Amino acid sequence: MTGSEQLLRGYLSDNAAGAAPEVLAAVAAAAAGPAAPYGTDPLSQAVYRRFEELFERPVAVFPVSTGSAANGIALAALTPPWGSVLAHPDAHIDNDEAGAPEFFTNGAKIVPVGGAHSKIDPEALRAAAGRKRGDVHSVQPSVLSITQATETGSVYSVAELETLTGIAGEAGLRVHMDGARFANALAALGATPAELSWRSGVDVLSFGATKNGTMTADAIVCFDPALATELAFRHKRGGQLTAKMRFQTAQLGAYLTDDLWLRSAAHANAMAERLRAGLAAAPGVRVAGELGANILFCHFPAALTAGLRERGYAFYADRWEPGVVRLVTSFAHRPADIDDLLAAVRALTQNA
Amino acid sequence: MTGSEQLLRGYLSDNAAGAAPEVLAAVAAAAAGPAAPYGTDPLSQAVYRRFEELFERPVAVFPVSTGSAANGIALAALTPPWGSVLAHPDAHIDNDEAGAPEFFTNGAKIVPVGGAHSKIDPEALRAAAGRKRGDVHSVQPSVLSITQATETGSVYSVAELETLTGIAGEAGLRVHMDGARFANALAALGATPAELSWRSGVDVLSFGATKNGTMTADAIVCFDPALATELAFRHKRGGQLTAKMRFQTAQLGAYLTDDLWLRSAAHANAMAERLRAGLAAAPGVRVAGELGANILFCHFPAALTAGLRERGYAFYADRWEPGVVRLVTSFAHRPADIDDLLAAVRALTQNA
Amino acid sequence: MTGSEQLLRGYLSDNAAGAAPEVLAAVAAAAAGPAAPYGTDPLSQAVYRRFEELFERPVAVFPVSTGSAANGIALAALTPPWGSVLAHPDAHIDNDEAGAPEFFTNGAKIVPVGGAHSKIDPEALRAAAGRKRGDVHSVQPSVLSITQATETGSVYSVAELETLTGIAGEAGLRVHMDGARFANALAALGATPAELSWRSGVDVLSFGATKNGTMTADAIVCFDPALATELAFRHKRGGQLTAKMRFQTAQLGAYLTDDLWLRSAAHANAMAERLRAGLAAAPGVRVAGELGANILFCHFPAALTAGLRERGYAFYADRWEPGVVRLVTSFAHRPADIDDLLAAVRALTQNA
Amino acid sequence: MTGSEQLLRGYLSDNAAGAAPEVLAAVAAAAAGPAAPYGTDPLSQAVYRRFEELFERPVAVFPVSTGSAANGIALAALTPPWGSVLAHPDAHIDNDEAGAPEFFTNGAKIVPVGGAHSKIDPEALRAAAGRKRGDVHSVQPSVLSITQATETGSVYSVAELETLTGIAGEAGLRVHMDGARFANALAALGATPAELSWRSGVDVLSFGATKNGTMTADAIVCFDPALATELAFRHKRGGQLTAKMRFQTAQLGAYLTDDLWLRSAAHANAMAERLRAGLAAAPGVRVAGELGANILFCHFPAALTAGLRERGYAFYADRWEPGVVRLVTSFAHRPADIDDLLAAVRALTQNA
C-alpha cells in the first residue's frame, strides 16, 4: 500500500498525517543560514509576537516537541507537588502519557471528574474542587485541566468553559487547557483564540499544532506573566529548549500565517461531519458522542468493522467498548477519501 | 547583517549553523504522505536499522529534540537516584543544563573528577569511584560520564577511553558518553562508531547530530539490551516520544547516509585546524587546550578581542578566564570564512 | 476532660492511644548509656533478629516514624516511576497520605481496584493487572498493594490473600502489604506472621506498630533480599535513618516480646466485637461492613450521633456517607469503656 | 565493655549519647493517656508556643525524626527544583545525607562555597551568589545554607552570620541554617536563639536536638509565615507527620524547659575545651581547627592513635586526612571521662 493509499484509508489518528506544505516551506527557508540559538533569533522572536497578535495580549511561548511535554511542564508550573489536577476520566494526561504529568510535577495526583461526552460536569467539578481542602492528609485541588476539543471529539462552548473556570476560580484552582486540538475547537465554535483561552479563564494552554499540520512543534502558551520565568526553567530542565529553535518556530509561524491553522482545522472538522452524515444513514451504524471537532465515535456491527479492515481501512475498534469504533479525520483527508469510505460502508451494510 | 554575513563572522557555537541540504531534503520527502506514528513507520524502522549497521550490533535508538533530554534520560536509566555521576568539571551535564540530569534521575548527584584539557584523569577517577562505597550516608558512585569530543575541543583516544571505562568497570560503574560532538571525535580519530562506543565500554551514548547538520534531532543509542524497555518508558514519560517521529528519523537517516555526518565533522575539524594554524602565527595570540575537534580555546590580547568584535566577529571571550576566547567551527564554515577571520587578526595584531 | 475521660469516650482512631507500659519501659532502659548509632547497636541488632524469628526467615528491617514513610519507601523499591500501584479505592495510600507514595516513587500512579468491604476483588484485579501491558503510552501495572486489616476493619483470609497474590504473580506484579493494623489481622485470623506475609506472596510489608502500642516506631519488613540494599538507601535518603535508632528498636523489641503485640491486638479486636454485639441490639442502629479487626462502621440515626457527641463521645460521623459513623477501638480500651458507650446508646435510643 | 565504659571511651559522635533523664521523664508522662493525633494535642501545642517564647516571635514548628528530614524538607520549601543551594564543602547536606536534599527538592543542586574552618567565606559567597543569574542554562543560586555550629566545631559569630545573610539577601537568596548543633553554638556565643536565627537573617532553621539530649526528635522551625502551609504539606508528604506526635513534642518540651538544652550544650562545649587544653600540652599533638563547640580536630602521631584504640577509646582517625583525628563530646561526658582520656594520652606520648 502506498502512502497515498494509506491516507485514503487511514482513520486511526490525525497524528498520521504529514506536514502542511507551507510548514515545510518555512522550514526550508529557515535552513539556509546561521541563526542565534535557543529562540533568540529574529524568526523565533517574530513568531512569538505573532502569538501575541493572535491572542490579543502579551503571552510567553515555549515550543515543545510533544503534547506530553507541553502538558507536563504546564501542569508543573500550575500545581505544587502535593496538589491534584482535576480532569475528565477520558483525559489524555491521565491515560496516554505514561505518567508524564506525575513526573514533571514531582508527583501531583490526577483526580478524575466525570461528565457526559468527555466534558467535565460542573457540579462534579464543584464537589471535587472542595474536597478535603486544608486537610494536610490529602492532596489539595490545585488545577482544573480541560481538554479542548475533547478526546472524543466534543467541544466546550465558551459558556461551558466559563462555567467551569468560574467554579475553579472560586475554589482557588488554576486552569490548564490541553489544546492538542485547539484549532479544531476554534473552527467548530467560530470563536477567537482569546475567547477560548484567557478570556475564558485559562492560565496556561498546551497549544497543539502537530496533529493539524506541523511536524514536531507544539507550544506552551502562558497567559500569566508571573509564571513565565518558572516555565522557562522547567522548559529547559525538561529537555525542550532546542538549540536550533528556529526549526520549530518556523513551523509554528507558517501554521499561524494566513489562517492556515484555522483553515486546516475547519477542513478536518468538515470531513468528520461528512463522515458522520454518511454513516448516520447506514443500517446498523449508530453515531455516538457529540461531534464538534474531527473525532467520530460510532457503534459498528462486527461484520462492518471486519469488512472495512479487510479492505484496508484503518481505525480503532473495540478499544473502549465492544462494538465501538473511532474515526479521526485530518487536514489531509479529501472529500473523495471520505466518500470512498462511505461507499465501502454502504456496500458492506447492504450485503448484511 | 545578513545570514550569510553572520555565518562568515560567527564562531559562537556550532549550534548556530543551519541544516545540511540532505537533511532538509529527507524531511521534505517524509512530509508528503501519512505514516504510522511514534516511530513505528517504515522510514523510522529503517533508520534504526541503519544505526545497527553503523554500530555493528543491535542497539535501541530513541530520537530526542535536545542533548539535555538525551543526557538526562540516559543517565536516569544508568544511575539510581542515590547514585553519583562522575564527570569532568567542564561537563555540559553539570554546567549547562539547568539541573536536567538531577531532574530526570530524581536527584542523583554529579561529582566532578578533574583532569587536564577537560579530560578525566584516570587516577582521579579511580579515587572517586571508590569513595564511600557501601556507606549508606553517601551517594554511591554509579556512572562515569565521558564527553567525547570534550567541551574544550579535545578528544579521548581509544586507549584513553578504555583506561577510563576499565576503571569504571572494576568499580561497578556504568558508562555514559555525552556525544554532542561524537562525529567530530570519530573524524578526529579515524575510529569506527563501534570502537568509540560499546567496544570501548560505553553502555549508553547521547548521539549528538544537531550541531553537525540536523535540525532538531539527536538520539539516545543504547548498547545494553537490558536497559531498552526502561529507556522507552523514560523517553515517553520525559516528553520525547513524538507522534510524527519520522520527521526526526528522516533527519537522522540523511545524516547517516553516504557518510554525511563524518564528512561534515571532518570539515568542521579541518576548519578549526586551519584557524589554529593561522592564529598560532599571530603575535600575542596563544593557542590553549588540546585541539582535536572543532573547538579552539586561545588567549587573545584585549585589543584583538575588541577589534574583532567591532568588525562583527562573534565569539565568547572572558567567560572562562580573562583573556580567554573560544572559537567554534561547524560544517557550514568555508575555508574563505576562516581566512577572512585570520586576515582580520593579522590586520589587528600588526596594528598593535 | 481528663486524659482518662478522653479514653473512655474516644473512638476516633487507635492512633489516639498512649504507649504500652512495656514499650515505655524498654525505651527507658535504652536511654541510660551510649550506643552505636544508626541501628548498628546490639539492641537494634537483636530486634532485627527477633523479626527474623517471628517471620521464620531472613528479613531486612527498616524502622520508620510513620506509616506513610513505610508505604512510600516500600512502594518506591517495588515500582518503577512509570509503574502503577493497584490498590483498593479505600486505601490509605491513595486517600490519606497527601501524595507521599507519588513523592517517594517519583510519580508512580495509584490505580483503584474495587471490591466489597474494602477488599480487592480478584476479577477486578485480574483485569487491572493486564491493562495496557507493554503499551509505552501507559503506566505499567507493577505493584499490588493490599491493606491488612483494611481501612474499614475487614480482614483478608489467607486463601483470599493467596488468590490475589497469585493473580499478581502471574501478571508479574510485586506485592506490598500495608500492615498498619497487621497485628489486628493476625489476631483476627489466628495466623502466623509468615502465613500472612511472605508465605502468602508478600514482598515488602509496612509493619504498623504505633496504633497498637509503640510510640513512633513502625517498620518496613522486606522479604526479598534483592531489595534490601535499595531500601537501605531509600530509607536514609527519605530521612528515616535515625541516629539514635535504638529508641525506635527498643519500642519494637518490647512490642514483639511475650506476644505483647498479639495480645494487644486481640484485645482491641475483642473490644470492637463487644461494641458490635451491643450496637446490633440497639434500635435504629445498623452495623455495616465486615468486622474482623478493630474498626466498626455503622449507620446511626442522626439523633444518636448528636446525643453521643453531647455526652462527650468522639468518633467520625457523616464523613464517608450521611448517617455512617466509624468507631475504632485500641489496646487501651477497657470492657467498661465499651459498656459505658453502649449504655449511652441504649439510653439515647430508648428515648427516641 | 559495658555501656558506661563505652561512654567513658567514646568520642565518635555526640549521636552515641543516650537521652537526658528529663526527656525520658516527659515521654513517660505523655505515655499514660490518650491524646489527639498529629500534634493537635495540648502538649504539642504548648511546646509549639514554647518555641515562640524562646525565639521571641511567631514560628511554625514541624517535629522530625532526623536532621536529614529537617534539612531536606526545609530546603525544598526554600529553593525551586532548578535552584542551587550554596553551602560549605564540609556541609552535612552535601556529604552525609545520601542525596536527601536532592530528593526532597526534586533535584536542586548543592554548590560548594569554600572558606577556612568550615565557614563560608563572604567573598566566595558573593561570587557564587551572582553566578549565571538569569541564565536559563544554569541552576539559579537560591539558598544559602549555613551550618551552625559547623561540622568541624567552629562557630559563626553574629557579625559573621549577618555578613553572609546580608550578601544572600542582596542576591535574593533565602537562608537556611543547619542547626544540628544549634544549642552548642548558642552556648558558645552566649547569644539568644533569636539573635542566631531570624534576627541574623535565617528563614528556616533545622533545629537539632537529638545529639544534645532528645531521643528521636529534631524540628524544622520556620520564621517566614508565607512558607508554613507549604512546609506542612511537605512534612506530611515526606513521611514525618507522626500520629502520636506528642511523643516527639514531649521530648522537645523537656529539652527546652529550664534551659536544659543550653546547659547540656554548654557542658558538652566545656568538655571539648577541657580536652583541647589537655591535648595542647601533649607532645606531638597539634590541635587544628577553630574550636567553639563540641568537636575537636587534632593531628595525632600514629602511635598515639593506635595506642588509644588499643585501650578501647573510640574516635575517627585518618578519615579526612592521614594523621587527623576527630573527638566529639556530648552532654553525657563527665570531667572524669575527659581526664581519663588525657591521662591515657599522657602515658602514651611519654612512652613515645
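The letters A, B, C and D name the chains in turn, as written, and every chain counts its residues from 1.
The rule is short, and it goes like this: a contact is a pair of C-beta atoms (placed from the backbone, for glycine too) under 8 Å apart; a residue touches a chain by one contact, two chains touch by 3 or more.
The shown structure was predicted, so the numbers you read here are calculated from the model rather than taken from an experiment.
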Of the pairs A-C and B-C, which shows more C-beta pairs in contact? A-C
For the C-alpha superposition of chain C onto chain D, the rotation angle in degrees, rounded to the nearest 5, equals 180
When the C-alpha atoms of chain C and chain D are each averaged to a single point, how far apart are the two points in Å? 34
Compute the distance, rounded to whole Å, between the mean C-alpha positions of chain A and chain C. 43
If you average the CA atoms of chain B and of chain C, how many Å lie between those two points? 52
Can you tell me which residues of chain A touch two or more of the remaining chains? 81-82, 97-99, 103, 106, 136-137, 233, 236-237, 241
Residue positions on chain D within touch of chain C in the complex are 2-4, 6-7, 10, 13, 15-19, 21, 23-24, 27-28, 30-37, 64-70, 72-73, 97-100, 103-104, 210-211, 215-216, 233, 236-244, 247-248, 332
Touch list for chain B against partner chain D, complex: 81-82, 95-99, 102-103, 105-110, 136-139
Can you check the complex and tell me which residues of chain D touch chain A? 38, 80-82, 106, 136-137, 140, 230, 232-234, 236-237, 241
